[in-house]
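Consider the two complexes below, in which chain A is the common component and chain B and chain C are the respective partners.
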Partner chain A sequence: MTTLIIIDQPPYGNWAGREGLDMAFSLAAFDQPVALLFTGAGVNWLRQGQQAELIAQKNVDRNLSAATVFGVDQLLADSTSLTRFGLAPVDLLAGVETVRFEPALLSSYSHVVCP
Partner chain B sequence: MPSPRILTYTLVITGAPYTSQAPQTALNFAQAVLAAGHTIDRVFLYGDGIHLASVLAAPPSDEANWTQRWGELLTAHEIPAVACIASALRRGLLDPAEQARYEKPAANLAAPFEIAGLGEWVEGQLQSSRVVYFHSGA
Partner chain C sequence: MTTLHILNKSPDHPRFALCLAAVTGEDQLLLTENAVLALADTTLTLPARVAALAADMDARGLTGNGLSRYGVGFDHMVRLTTQASRIISW
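Presenting the complex of A and B:
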(Lines of atoms letter the chains of each structure in order from A and count residues from 1; the text may use other names and numbers.)
(Lines give C-alpha, C1' and ligand atoms only; values in the text may rest on other atoms or scores of the structure.)
Protein backbone atom coordinates (compact mmCIF):
# COMPACT_ATOMS: atom_id res chain seq x y z
CA MET A 1 0.00 0.00 0.00
CA THR A 2 2.98 2.30 -0.52
CA THR A 3 2.50 5.63 -2.30
CA LEU A 4 5.18 6.70 -4.78
CA ILE A 5 5.70 10.45 -5.16
CA ILE A 6 7.54 11.31 -8.38
CA ILE A 7 9.57 14.50 -8.50
CA ASP A 8 10.44 15.42 -12.08
CA GLN A 9 11.05 19.15 -11.62
CA PRO A 10 14.34 20.82 -10.62
CA PRO A 11 14.80 21.92 -7.00
CA TYR A 12 15.10 25.61 -7.88
CA GLY A 13 13.12 27.58 -10.46
CA ASN A 14 9.93 25.62 -9.84
CA TRP A 15 7.87 24.93 -6.72
CA ALA A 16 6.28 21.65 -7.79
CA GLY A 17 9.03 19.46 -6.36
CA ARG A 18 8.79 21.14 -2.95
CA GLU A 19 5.09 20.49 -2.85
CA GLY A 20 5.77 16.88 -3.79
CA LEU A 21 8.19 16.60 -0.90
CA ASP A 22 5.57 18.08 1.46
CA MET A 23 3.14 15.40 0.29
CA ALA A 24 5.67 12.69 1.09
CA PHE A 25 6.38 14.12 4.55
CA SER A 26 2.66 14.41 5.20
CA LEU A 27 2.03 10.76 4.39
CA ALA A 28 4.98 9.79 6.59
CA ALA A 29 3.60 11.94 9.43
CA PHE A 30 0.39 9.92 9.29
CA ASP A 31 2.39 6.66 9.31
CA GLN A 32 1.54 5.88 5.70
CA PRO A 33 4.25 4.12 3.66
CA VAL A 34 5.76 6.43 1.04
CA ALA A 35 8.71 6.47 -1.36
CA LEU A 36 10.17 9.32 -3.43
CA LEU A 37 11.39 8.87 -7.00
CA PHE A 38 13.52 11.55 -8.65
CA THR A 39 13.58 11.61 -12.43
CA GLY A 40 14.28 14.07 -15.25
CA ALA A 41 15.60 17.38 -13.92
CA GLY A 42 14.32 16.23 -10.53
CA VAL A 43 17.54 14.23 -9.99
CA ASN A 44 19.25 17.56 -9.25
CA TRP A 45 17.52 17.46 -5.86
CA LEU A 46 19.98 14.73 -4.94
CA ARG A 47 23.20 16.64 -5.61
CA GLN A 48 25.54 17.09 -2.70
CA GLY A 49 26.93 20.53 -1.87
CA GLN A 50 24.06 22.73 -2.98
CA GLN A 51 24.46 26.44 -2.18
CA ALA A 52 20.90 27.71 -2.45
CA GLU A 53 21.59 30.63 -0.09
CA LEU A 54 23.37 32.32 -3.02
CA ILE A 55 19.96 32.70 -4.68
CA ALA A 56 18.10 33.48 -1.42
CA GLN A 57 16.52 30.05 -1.21
CA LYS A 58 16.70 27.17 1.23
CA ASN A 59 18.93 24.19 0.50
CA VAL A 60 16.63 21.34 -0.41
CA ASP A 61 19.22 18.66 0.32
CA ARG A 62 18.81 19.34 4.06
CA ASN A 63 15.10 18.53 3.86
CA LEU A 64 15.87 15.44 1.85
CA SER A 65 18.51 14.16 4.25
CA ALA A 66 15.79 14.22 6.92
CA ALA A 67 13.32 12.30 4.76
CA THR A 68 14.21 8.82 5.94
CA VAL A 69 14.33 10.02 9.56
CA PHE A 70 10.76 11.29 9.19
CA GLY A 71 9.55 7.98 7.81
CA VAL A 72 9.97 8.18 4.02
CA ASP A 73 10.82 4.59 3.18
CA GLN A 74 12.91 5.02 0.04
CA LEU A 75 14.73 7.69 -1.97
CA LEU A 76 14.95 6.44 -5.54
CA ALA A 77 16.81 7.98 -8.49
CA ASP A 78 16.19 7.14 -12.13
CA SER A 79 19.47 5.87 -13.59
CA THR A 80 18.89 7.27 -17.09
CA SER A 81 18.28 10.76 -15.71
CA LEU A 82 21.39 10.56 -13.51
CA THR A 83 23.46 9.82 -16.62
CA ARG A 84 21.79 12.65 -18.53
CA PHE A 85 22.70 15.15 -15.81
CA GLY A 86 26.21 13.76 -15.34
CA LEU A 87 25.59 12.55 -11.80
CA ALA A 88 27.54 9.59 -10.46
CA PRO A 89 26.59 7.78 -7.22
CA VAL A 90 29.42 9.62 -5.43
CA ASP A 91 27.75 12.97 -6.24
CA LEU A 92 24.51 12.02 -4.50
CA LEU A 93 23.20 12.36 -0.98
CA ALA A 94 23.60 9.28 1.21
CA GLY A 95 20.87 6.67 1.14
CA VAL A 96 19.75 7.09 -2.47
CA GLU A 97 18.93 3.93 -4.38
CA THR A 98 19.37 3.92 -8.18
CA VAL A 99 16.57 2.29 -10.16
CA ARG A 100 15.34 1.95 -13.73
CA PHE A 101 12.18 4.04 -14.14
CA GLU A 102 9.92 1.62 -16.03
CA PRO A 103 6.33 0.35 -15.80
CA ALA A 104 7.30 -2.64 -13.64
CA LEU A 105 8.58 -0.22 -10.98
CA LEU A 106 5.31 1.74 -10.85
CA SER A 107 3.16 -1.37 -10.65
CA SER A 108 4.53 -2.19 -7.20
CA TYR A 109 2.94 0.96 -5.69
CA SER A 110 -0.73 1.42 -4.74
CA HIS A 111 -0.75 5.16 -5.56
CA VAL A 112 1.55 7.08 -7.89
CA VAL A 113 1.54 10.87 -7.62
CA CYS A 114 3.44 13.28 -9.85
CA PRO A 115 2.62 16.75 -8.55
CA MET B 1 -27.59 -8.88 -12.63
CA PRO B 2 -25.38 -7.25 -9.98
CA SER B 3 -25.63 -3.46 -9.73
CA PRO B 4 -22.58 -1.56 -11.00
CA ARG B 5 -20.01 -0.91 -8.34
CA ILE B 6 -20.29 2.49 -6.72
CA LEU B 7 -16.92 4.19 -6.37
CA THR B 8 -15.87 7.06 -4.15
CA TYR B 9 -13.48 9.70 -5.45
CA THR B 10 -11.09 12.29 -4.12
CA LEU B 11 -10.22 14.90 -6.75
CA VAL B 12 -6.94 16.80 -6.42
CA ILE B 13 -6.54 19.97 -8.49
CA THR B 14 -3.01 21.39 -8.79
CA GLY B 15 -3.43 23.61 -11.86
CA ALA B 16 -4.70 27.19 -11.53
CA PRO B 17 -7.70 28.53 -13.44
CA TYR B 18 -6.82 30.88 -16.34
CA THR B 19 -3.30 29.39 -16.35
CA SER B 20 -4.36 25.83 -17.03
CA GLN B 21 -7.49 23.90 -17.89
CA ALA B 22 -7.18 21.73 -14.76
CA PRO B 23 -10.16 23.21 -12.82
CA GLN B 24 -12.42 22.97 -15.88
CA THR B 25 -11.40 19.40 -16.72
CA ALA B 26 -11.87 18.42 -13.09
CA LEU B 27 -15.34 20.00 -13.07
CA ASN B 28 -16.37 18.06 -16.18
CA PHE B 29 -14.99 14.89 -14.62
CA ALA B 30 -16.88 15.57 -11.37
CA GLN B 31 -20.14 16.06 -13.24
CA ALA B 32 -19.62 12.78 -15.12
CA VAL B 33 -18.77 10.91 -11.92
CA LEU B 34 -21.91 12.17 -10.18
CA ALA B 35 -24.11 11.52 -13.22
CA ALA B 36 -22.88 7.90 -13.24
CA GLY B 37 -24.04 7.48 -9.64
CA HIS B 38 -20.62 7.57 -7.96
CA THR B 39 -19.69 9.71 -4.97
CA ILE B 40 -17.09 12.44 -4.53
CA ASP B 41 -15.69 12.36 -0.99
CA ARG B 42 -13.80 15.60 -1.29
CA VAL B 43 -11.98 18.02 -3.56
CA PHE B 44 -8.46 19.03 -2.54
CA LEU B 45 -6.75 22.10 -3.99
CA TYR B 46 -2.98 21.96 -3.92
CA GLY B 47 -0.16 24.14 -5.24
CA ASP B 48 -1.39 26.61 -7.86
CA GLY B 49 -4.78 24.87 -7.73
CA ILE B 50 -5.63 26.93 -4.64
CA HIS B 51 -6.27 29.96 -6.87
CA LEU B 52 -9.58 28.31 -7.77
CA ALA B 53 -10.79 29.22 -4.27
CA SER B 54 -10.18 32.97 -4.55
CA VAL B 55 -13.39 34.97 -4.41
CA LEU B 56 -11.55 37.94 -5.93
CA ALA B 57 -11.04 36.50 -9.42
CA ALA B 58 -12.99 38.74 -11.80
CA PRO B 59 -12.87 37.25 -15.30
CA PRO B 60 -14.60 39.10 -18.18
CA SER B 61 -18.37 38.53 -18.20
CA ASP B 62 -18.24 36.46 -21.41
CA GLU B 63 -15.80 33.97 -19.86
CA ALA B 64 -16.58 31.18 -17.42
CA ASN B 65 -16.09 31.92 -13.73
CA TRP B 66 -14.64 28.60 -12.56
CA THR B 67 -14.71 29.51 -8.88
CA GLN B 68 -18.43 30.18 -9.11
CA ARG B 69 -19.18 27.07 -11.20
CA TRP B 70 -17.24 24.85 -8.82
CA GLY B 71 -18.95 26.51 -5.85
CA GLU B 72 -22.37 25.70 -7.29
CA LEU B 73 -21.50 22.04 -7.83
CA LEU B 74 -19.93 21.65 -4.38
CA THR B 75 -22.91 23.25 -2.66
CA ALA B 76 -25.52 21.31 -4.65
CA HIS B 77 -23.90 17.97 -3.81
CA GLU B 78 -22.58 18.90 -0.35
CA ILE B 79 -19.02 17.98 -1.32
CA PRO B 80 -16.31 19.27 1.04
CA ALA B 81 -13.59 21.25 -0.75
CA VAL B 82 -10.32 22.09 0.94
CA ALA B 83 -7.44 24.32 -0.11
CA CYS B 84 -4.07 23.22 1.32
CA ILE B 85 -3.11 25.75 4.00
CA ALA B 86 0.61 25.80 3.14
CA SER B 87 -0.10 26.36 -0.57
CA ALA B 88 -2.79 28.94 0.25
CA LEU B 89 -0.82 31.08 2.69
CA ARG B 90 2.19 31.33 0.37
CA ARG B 91 -0.02 32.48 -2.50
CA GLY B 92 -2.19 34.94 -0.58
CA LEU B 93 -5.40 32.95 -0.13
CA LEU B 94 -6.75 33.55 3.37
CA ASP B 95 -9.90 32.84 5.34
CA PRO B 96 -10.90 35.24 8.15
CA ALA B 97 -9.04 33.16 10.77
CA GLU B 98 -5.75 33.30 8.83
CA GLN B 99 -6.32 36.97 8.04
CA ALA B 100 -6.51 37.64 11.77
CA ARG B 101 -3.54 35.38 12.59
CA TYR B 102 -1.23 37.06 10.06
CA GLU B 103 -2.76 40.55 10.50
CA LYS B 104 -3.52 40.94 6.81
CA PRO B 105 -5.92 43.56 5.39
CA ALA B 106 -8.34 41.11 3.74
CA ALA B 107 -9.59 37.55 3.46
CA ASN B 108 -10.51 36.13 0.06
CA LEU B 109 -11.57 32.51 0.44
CA ALA B 110 -14.69 31.77 -1.62
CA ALA B 111 -17.54 29.78 -0.07
CA PRO B 112 -17.90 26.83 0.28
CA PHE B 113 -14.14 26.20 0.16
CA GLU B 114 -12.23 25.69 3.39
CA ILE B 115 -8.55 25.89 4.32
CA ALA B 116 -6.92 22.88 5.98
CA GLY B 117 -3.77 20.77 5.96
CA LEU B 118 -2.41 18.00 3.77
CA GLY B 119 -3.93 15.56 6.27
CA GLU B 120 -7.18 16.01 4.32
CA TRP B 121 -5.43 14.67 1.22
CA VAL B 122 -3.94 11.77 3.20
CA GLU B 123 -7.43 10.94 4.45
CA GLY B 124 -8.68 10.99 0.87
CA GLN B 125 -5.94 8.52 -0.10
CA LEU B 126 -7.08 6.21 2.68
CA GLN B 127 -10.85 6.56 2.26
CA SER B 128 -11.64 6.95 -1.42
CA SER B 129 -11.60 4.14 -3.91
CA ARG B 130 -9.97 6.48 -6.45
CA VAL B 131 -7.79 9.59 -6.15
CA VAL B 132 -7.62 11.52 -9.43
CA TYR B 133 -5.20 14.39 -10.11
CA PHE B 134 -5.73 17.39 -12.37
CA HIS B 135 -2.42 19.09 -13.16
CA SER B 136 -1.51 22.11 -15.23
CA GLY B 137 -0.18 19.94 -18.03
CA ALA B 138 2.74 22.33 -18.51
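Presenting the complex of A and C:
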Protein backbone atom coordinates (compact mmCIF):
# COMPACT_ATOMS: atom_id res chain seq x y z
CA MET A 1 0.00 0.00 0.00
CA THR A 2 2.79 2.40 -0.86
CA THR A 3 2.06 5.93 -1.96
CA LEU A 4 4.13 7.38 -4.80
CA ILE A 5 4.49 11.16 -4.84
CA ILE A 6 5.60 12.59 -8.19
CA ILE A 7 7.67 15.78 -8.10
CA ASP A 8 7.77 17.33 -11.57
CA GLN A 9 8.00 20.96 -10.53
CA PRO A 10 11.44 22.62 -10.31
CA PRO A 11 12.83 23.65 -6.89
CA TYR A 12 12.21 27.07 -5.34
CA GLY A 13 10.32 28.73 -8.25
CA ASN A 14 6.93 27.79 -6.77
CA TRP A 15 5.71 25.83 -3.78
CA ALA A 16 4.33 22.76 -5.56
CA GLY A 17 7.55 20.73 -5.32
CA ARG A 18 8.11 21.62 -1.68
CA GLU A 19 4.49 20.75 -0.87
CA GLY A 20 5.10 17.34 -2.42
CA LEU A 21 8.17 16.84 -0.25
CA ASP A 22 6.30 17.96 2.86
CA MET A 23 3.49 15.52 1.98
CA ALA A 24 6.00 12.69 1.67
CA PHE A 25 7.66 13.45 4.99
CA SER A 26 4.28 13.78 6.71
CA LEU A 27 3.18 10.38 5.37
CA ALA A 28 6.50 8.90 6.48
CA ALA A 29 6.15 10.45 9.92
CA PHE A 30 2.90 8.50 10.30
CA ASP A 31 4.65 5.30 9.18
CA GLN A 32 2.85 5.23 5.84
CA PRO A 33 5.08 3.65 3.18
CA VAL A 34 5.92 6.38 0.70
CA ALA A 35 8.25 6.81 -2.28
CA LEU A 36 9.28 9.94 -4.16
CA LEU A 37 9.68 10.06 -7.94
CA PHE A 38 11.45 13.08 -9.42
CA THR A 39 10.78 13.69 -13.10
CA GLY A 40 10.83 16.53 -15.63
CA ALA A 41 12.24 19.72 -14.16
CA GLY A 42 11.68 18.13 -10.73
CA VAL A 43 14.99 16.25 -11.02
CA ASN A 44 16.73 19.54 -10.30
CA TRP A 45 15.79 19.12 -6.63
CA LEU A 46 18.47 16.41 -6.58
CA ARG A 47 21.36 18.51 -7.83
CA GLN A 48 24.23 18.82 -5.36
CA GLY A 49 25.58 22.18 -4.21
CA GLN A 50 22.30 24.07 -3.86
CA GLN A 51 22.63 27.29 -1.84
CA ALA A 52 19.00 28.23 -1.33
CA GLU A 53 19.82 30.66 1.47
CA LEU A 54 20.96 33.09 -1.24
CA ILE A 55 17.29 33.42 -2.23
CA ALA A 56 16.09 33.20 1.39
CA GLN A 57 14.90 29.62 1.10
CA LYS A 58 15.80 26.44 2.92
CA ASN A 59 18.03 23.83 1.33
CA VAL A 60 16.36 20.46 0.96
CA ASP A 61 19.49 18.40 0.49
CA ARG A 62 19.70 17.68 4.23
CA ASN A 63 16.17 16.27 4.50
CA LEU A 64 16.40 14.54 1.10
CA SER A 65 19.69 12.79 1.86
CA ALA A 66 18.21 11.79 5.23
CA ALA A 67 14.96 10.65 3.58
CA THR A 68 15.41 7.01 4.58
CA VAL A 69 15.91 8.11 8.20
CA PHE A 70 12.67 10.09 7.92
CA GLY A 71 10.99 6.92 6.63
CA VAL A 72 10.76 7.69 2.92
CA ASP A 73 11.45 4.28 1.40
CA GLN A 74 12.66 5.27 -2.07
CA LEU A 75 14.08 8.31 -3.84
CA LEU A 76 13.56 7.67 -7.56
CA ALA A 77 14.64 9.81 -10.51
CA ASP A 78 13.53 9.45 -14.12
CA SER A 79 16.56 8.67 -16.29
CA THR A 80 15.35 10.60 -19.34
CA SER A 81 14.85 13.75 -17.28
CA LEU A 82 18.28 13.33 -15.66
CA THR A 83 19.90 13.15 -19.08
CA ARG A 84 17.88 16.10 -20.29
CA PHE A 85 19.15 18.26 -17.43
CA GLY A 86 22.73 16.97 -17.67
CA LEU A 87 22.62 15.20 -14.32
CA ALA A 88 24.86 12.18 -14.01
CA PRO A 89 24.42 9.90 -10.97
CA VAL A 90 27.58 11.43 -9.44
CA ASP A 91 25.94 14.88 -9.48
CA LEU A 92 22.99 13.72 -7.43
CA LEU A 93 22.36 13.65 -3.73
CA ALA A 94 23.08 10.32 -2.08
CA GLY A 95 20.51 7.53 -2.12
CA VAL A 96 18.80 8.36 -5.41
CA GLU A 97 17.81 5.41 -7.61
CA THR A 98 17.53 5.94 -11.37
CA VAL A 99 14.40 4.48 -13.02
CA ARG A 100 12.44 4.80 -16.24
CA PHE A 101 9.07 6.58 -15.97
CA GLU A 102 6.61 4.07 -17.46
CA PRO A 103 3.28 2.43 -16.60
CA ALA A 104 5.03 -0.62 -15.13
CA LEU A 105 6.76 1.60 -12.58
CA LEU A 106 3.47 3.17 -11.47
CA SER A 107 1.60 -0.12 -11.25
CA SER A 108 3.49 -1.12 -8.11
CA TYR A 109 2.04 1.79 -6.12
CA SER A 110 -1.48 1.80 -4.71
CA HIS A 111 -1.72 5.61 -4.59
CA VAL A 112 -0.07 8.04 -6.98
CA VAL A 113 -0.17 11.74 -6.13
CA CYS A 114 0.99 14.59 -8.33
CA PRO A 115 0.94 17.85 -6.27
CA MET B 1 -5.61 -3.20 -12.11
CA THR B 2 -7.26 -0.50 -14.22
CA THR B 3 -6.54 3.11 -13.53
CA LEU B 4 -8.72 6.14 -14.23
CA HIS B 5 -6.47 9.03 -15.21
CA ILE B 6 -8.15 12.40 -14.63
CA LEU B 7 -6.29 15.10 -16.52
CA ASN B 8 -7.12 18.80 -16.38
CA LYS B 9 -3.93 20.25 -17.81
CA SER B 10 -3.75 21.96 -21.20
CA PRO B 11 -2.00 19.85 -23.91
CA ASP B 12 1.21 21.90 -23.75
CA HIS B 13 1.55 21.61 -19.97
CA PRO B 14 4.43 19.18 -19.26
CA ARG B 15 2.18 17.03 -17.08
CA PHE B 16 -0.06 16.29 -20.07
CA ALA B 17 2.65 14.18 -21.70
CA LEU B 18 3.55 12.68 -18.32
CA CYS B 19 -0.04 11.49 -17.92
CA LEU B 20 -0.18 10.00 -21.44
CA ALA B 21 3.05 8.15 -20.71
CA ALA B 22 1.37 6.54 -17.70
CA VAL B 23 -1.77 5.31 -19.50
CA THR B 24 -1.64 1.63 -20.41
CA GLY B 25 -3.78 -1.42 -21.11
CA GLU B 26 -7.38 -1.08 -19.95
CA ASP B 27 -6.81 2.34 -18.33
CA GLN B 28 -9.40 5.05 -18.92
CA LEU B 29 -8.42 8.68 -19.59
CA LEU B 30 -10.87 11.43 -18.59
CA LEU B 31 -10.16 14.92 -19.92
CA THR B 32 -11.56 17.82 -17.91
CA GLU B 33 -11.16 21.62 -17.93
CA ASN B 34 -8.30 22.72 -20.26
CA ALA B 35 -7.42 19.11 -21.14
CA VAL B 36 -10.51 18.84 -23.37
CA LEU B 37 -8.61 20.99 -25.89
CA ALA B 38 -6.59 17.88 -26.66
CA LEU B 39 -9.58 16.63 -28.66
CA ALA B 40 -8.98 19.46 -31.11
CA ASP B 41 -5.19 19.12 -31.07
CA THR B 42 -4.31 17.45 -34.37
CA THR B 43 -0.70 16.83 -33.25
CA LEU B 44 -1.79 14.47 -30.45
CA THR B 45 -2.68 10.79 -30.47
CA LEU B 46 -4.87 10.01 -27.49
CA PRO B 47 -5.29 6.58 -25.91
CA ALA B 48 -8.18 4.38 -27.11
CA ARG B 49 -10.25 4.76 -23.94
CA VAL B 50 -10.71 8.52 -23.69
CA ALA B 51 -13.68 10.58 -22.54
CA ALA B 52 -14.12 14.28 -21.84
CA LEU B 53 -16.53 16.26 -19.71
CA ALA B 54 -19.22 17.53 -22.06
CA ALA B 55 -19.71 20.72 -20.02
CA ASP B 56 -16.06 21.66 -20.48
CA MET B 57 -16.25 20.83 -24.17
CA ASP B 58 -19.39 22.85 -24.75
CA ALA B 59 -17.95 25.77 -22.77
CA ARG B 60 -15.09 25.84 -25.27
CA GLY B 61 -17.25 25.27 -28.35
CA LEU B 62 -15.77 21.86 -28.99
CA THR B 63 -18.91 20.30 -30.37
CA GLY B 64 -18.22 20.22 -34.11
CA ASN B 65 -16.76 17.50 -36.41
CA GLY B 66 -17.78 14.51 -34.35
CA LEU B 67 -16.01 15.52 -31.14
CA SER B 68 -19.23 15.28 -29.15
CA ARG B 69 -18.95 11.49 -29.19
CA TYR B 70 -16.22 11.88 -26.53
CA GLY B 71 -18.46 13.98 -24.27
CA VAL B 72 -19.74 12.50 -20.99
CA GLY B 73 -21.86 13.95 -18.21
CA PHE B 74 -20.95 14.15 -14.53
CA ASP B 75 -23.02 11.04 -13.80
CA HIS B 76 -20.90 9.09 -16.25
CA MET B 77 -17.76 10.56 -14.66
CA VAL B 78 -18.87 9.23 -11.29
CA ARG B 79 -19.51 5.81 -12.87
CA LEU B 80 -15.97 5.83 -14.28
CA THR B 81 -14.57 6.51 -10.82
CA THR B 82 -16.43 3.51 -9.42
CA GLN B 83 -15.27 1.19 -12.19
CA ALA B 84 -11.55 1.96 -11.80
CA SER B 85 -9.48 0.23 -9.14
CA ARG B 86 -7.23 3.28 -8.83
CA ILE B 87 -7.59 6.97 -9.71
CA ILE B 88 -4.74 9.35 -10.49
CA SER B 89 -5.42 13.08 -10.79
CA TRP B 90 -2.68 14.64 -12.83
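In this section, the second predicted complex is superposed on the first by the 115 of 115 C-alpha atoms of A that agree within 3 Å, B and C clash if a C-alpha of one lies under 4 Å from a C-alpha of the other, contacts with A are read in each partner's own complex, and residues count from 1 in each chain.
We take it that a residue touches a chain if its C-beta (ideal position, glycine included) is under 8 Å from a C-beta of that chain, and two chains touch if they have at least 3 such contacts.
Since we're looking at a predicted model, the values are computed, not measured.
Peer 1: For A:L106, using the defined touch cut-off, is the partner it touches chain B, chain C, both, or neither? Pick first, second, both or neither.
Peer 2: After superposing on A, A:L106 lies in contact with chain C but is clear of chain B.
Peer 1: Looking at the overlay, does A:T68 come into contact with chain B only (first), chain C only (second), both, or neither?
Peer 2: In the superposed model, A:T68 contacts neither chain B nor chain C.
Peer 1: Using the touch definition from the top, say if A:L27 reaches chain B (first), chain C (second), both or neither.
Peer 2: A:L27: touches chain B, not chain C.
Peer 1: Given the touch rule stated above, what does A:E19 touch, chain B (first), chain C (second), both, or neither?
Peer 2: A:E19 sits against chain B, while chain C stays out of touch.
Peer 1: Considering only touches as defined above, state whether A:P115 meets chain B (first), chain C (second), both or neither.
Peer 2: Touch status of A:P115: first partner only.
Peer 1: Check whether A:T3 is in contact with chain B, with chain C, with both or with neither, and answer first, second, both or neither.
Peer 2: Only chain B is touched by A:T3; chain C is not.
Peer 1: Taking the stated contact definition, name every residue in chain A that is touched by chain B in one complex and by chain C in the other, in rising order.
Peer 2: 111, 114
Peer 1: Please name which positions on chain B make contact with chain A in the complex.
Peer 2: Answer in residue numbers: 14, 46-47, 86-87, 117-119, 121-122, 125-126, 131, 133, 135.
Peer 1: So in the complex, the part of chain A that touches chain B is made up of which residues?
Peer 2: 3, 15-16, 19, 22-23, 26-27, 30, 32, 111, 113-115
Peer 1: Taking the touch rule as given, give the residues of chain A at its contact with chain C in the complex, in rising order.
Peer 2: So the residues of chain A touching chain C come out as 6, 8, 39-41, 101-103, 106-107, 110-112, 114.
Peer 1: Across the complex, what residues on chain C touch chain A?
Peer 2: Chain C residues touching chain A: 1, 3, 14-15, 18, 21-25, 27, 86, 88-90.
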